[in-house]
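Order of writing sets the chain letters: A, B and C. Residues in each chain are counted from 1.
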Amino acid sequence: MDEPLDDVLRAVEAALFAATEPMSVEALSNHLGGVSVRPALAALAQHYAGRGVNLVERGGKWHFQTAPDLAHILRRAHEEPRRLSRAATECLAIIAYHEPVSRAQIESIRGVQTAKGTLDVLMEAGWVRVAGRRDVPGRPVIYATTQAFLAHFGLASRRDLPGIEDLRAAGLLDPVEEAYDRAAGEGGVPAAPDGASDPSSARELP
Amino acid sequence: MDEPLDDVLRAVEAALFAATEPMSVEALSNHLGGVSVRPALAALAQHYAGRGVNLVERGGKWHFQTAPDLAHILRRAHEEPRRLSRAATECLAIIAYHEPVSRAQIESIRGVQTAKGTLDVLMEAGWVRVAGRRDVPGRPVIYATTQAFLAHFGLASRRDLPGIEDLRAAGLLDPVEEAYDRAAGEGGVPAAPDGASDPSSARELP
Amino acid sequence: MSEEVAPLTGEPREGALYLAFDGWEGPLDLLLDLARRQKVDLKSIPILDLVDQYLAFIEQAEALKLEVAADYLVMAAWLAYLKSAMLLPKEEQEDPSPEELALRLHIRLQRLSAMREAAARLMGRDRLGRDVFPRGAPEGLRVERKADWQCNWFDLIQAYGQVKARGTPVVHMVRERMVMTLDAALARVSAMLGVTLDWMELREFLPDSAGDWADLRLRRSALASSFLAALELAKQGRLEITQEECFGPLRLRSIARG
């Protein structure tokens, strides 16, 4: 490539580069004043074969395109950390404990409707997959967790999920009020607000 | 060029071919996952130097473009861009060589008022931008050229503006007063007390 | 730039001819054009010759009954002044001197000339989109923003715990707790009032803080019930209550029955 390049080759290279559409041999030749462009096309195709850009023929028309193995360069993924929403976290937990579950089951456990996007997020994160359809009327889609889910949460298997008793022992199943009472007792909070609203004392008044 | 090309070089080549806008070293590097791209840019620029397509740097951004000597072949296929008026070309030159400049400064050099549309045309072309306001009474808007200006006129940087060094050395880019003081010093003409009687600036005449 | 100064052209407008100075961008430009015709270095142009040429040009336009734009006339007037000043003997010249004014004019012409040449050289470069071309159909680079979802082990387990807690039917059980009923308080206050005629503070009616009565909640209950009992007895006319200041101690005294 050190010797000066042939003018036709340079012209063909530039014309194809600047063209807004793939060009046929005839169109190229006409554009360059009727010269024969085939040898230049062949030489260029060979020159660009191993490069980041290739010269290719498609349906009799020539154009430059990104080398197929570099196609990923055209699309760069930029990852942004985002916290999973409360709803999505609950769905994920329910799926993990009850899988495979349908959306209706998830909703019945959560007690609220689940937005379509919530499950999409979990699938996008790669933690939940569609595990088929349940063989009941309506054949609802059922969901299950994935290998990536186990990997992300450091679980060898779903059996490693803490059982209900573990959750209870950790206080995670306590109703909110009891948790408050205990916190109030431990912290030495004066009993006044509690006693004041205690229904039992009110009932004994005449 | 027969041995396999370096991956980074191929990736840079592909990215710059595919990019719709000139890319800075930082943008390229980010797009390619943080690799160092300068060596590849230098190698590519050298490789493409004699070809029909060249890799060029304009205002810190890189892009491929067709070789200038092939203009006659390619022009046929492309519409000639709209011609600029003489007023617009002069304004553009004054902004480029003096930037940042206010409209009053442009007018003082040209000795004539600048129509509102003239600067608009330059800004619409993307060659001129508002570069803030000068910190003097009235806070006039000041103008400067853009990266697109450098790209359009094939300038790597403002230092490449034709003849800018000679003009600077001759004092022709200095404010009138400085140029006058210098010329007066050389020519033995007594220095003016102030600019009150600056000629040809119509507004200052009785 | 043509050798000759562009001919005066005009078109009829309301009886007069309107001078379209299309060839020049203002009076300074016309002066520069006239200077250039002299084909000498701008620095060494004899200013008097230039002034004469400019004035002759304007006179010619006026002779043709062309309307000359005001700024060209203002320049003509200024140049005429400059010329007359230059013709005066040195000692009669005013300040600033005509040489000084002429030098300034020279500098301005040079600067304009420099920018005119620079503009021409700029326009003559290989321009993108006219002489050199970018890729006609670039594929374009896209950046896809992808969320990297964050959720940790504790969030997950806690969420499940709360779902379970929320889903379990809540049974409300009223806890049994010790209280002093109003009846008990009435009996206790009445009995204690019977044994003394002195003022007693309300707190003195409470049982000693020992055993069950050490419980803060029970003591509060006793205090509240005793207070209500005192109000009830006052209503019945069996005792009187006094409080000397806000939030001060409440004191009770039996009303002796006649």
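Quick notes
By definition in this document, contacts are C-beta pairs under 8 Å (C-beta built on N, C-alpha and C of every residue); 3 or more make two chains touch, one makes a residue touch a chain.
Just so it is clear, the model here is predicted, and its values are computed rather than measured.
The chains that touch both subunit A and subunit B are C. For subunit C, the chain whose average C-alpha position is most distant is A.
In this assembly, the C-alpha centroid of subunit A lies 44 Å from the C-alpha centroid of subunit B.
Chain centres here are Cα averages; for subunit B and subunit C they lie 31 Å apart. Taking the mean of the C-alpha atoms as each chain's centre, subunit A and subunit C sit 37 Å apart.
Subunit A has residues 14, 17-19, 64, 66, 73-74, 76 in contact with two or more other chains.
Counting only residues that touch two or more partner chains, subunit C has 133-135, 139-141, 143. Against subunit C, in their complex, subunit B makes its touches with residues 15, 17-20, 31, 54, 63-68, 71, 74-75, 78, 80-81, 84, 86-87, 89-90, 92-94, 96-97, 109-113, 151-155, 161-164, 167, 170, 172, 176, 179-180, 183-184, 187, 189-190, 192-193, 197-200, 202, 205. By the touch rule above, subunit C contacts subunit B in their complex via residues 25-29, 31, 71, 74-75, 77-78, 82, 95-97, 99-101, 103-108, 110-112, 114-123, 125-135, 138-141, 143. Note for the complex: subunit B touches subunit A at residues 1, 4-5, 9-15, 17-18, 31-33, 47, 50-53, 64, 66-67, 70, 73-74, 76-78.
Listed in rising order, the residues of subunit C touching subunit A in the complex are 133-137, 139-151, 153, 155-168, 170, 174-177, 179, 181-182, 216-217, 220-221, 224, 228.
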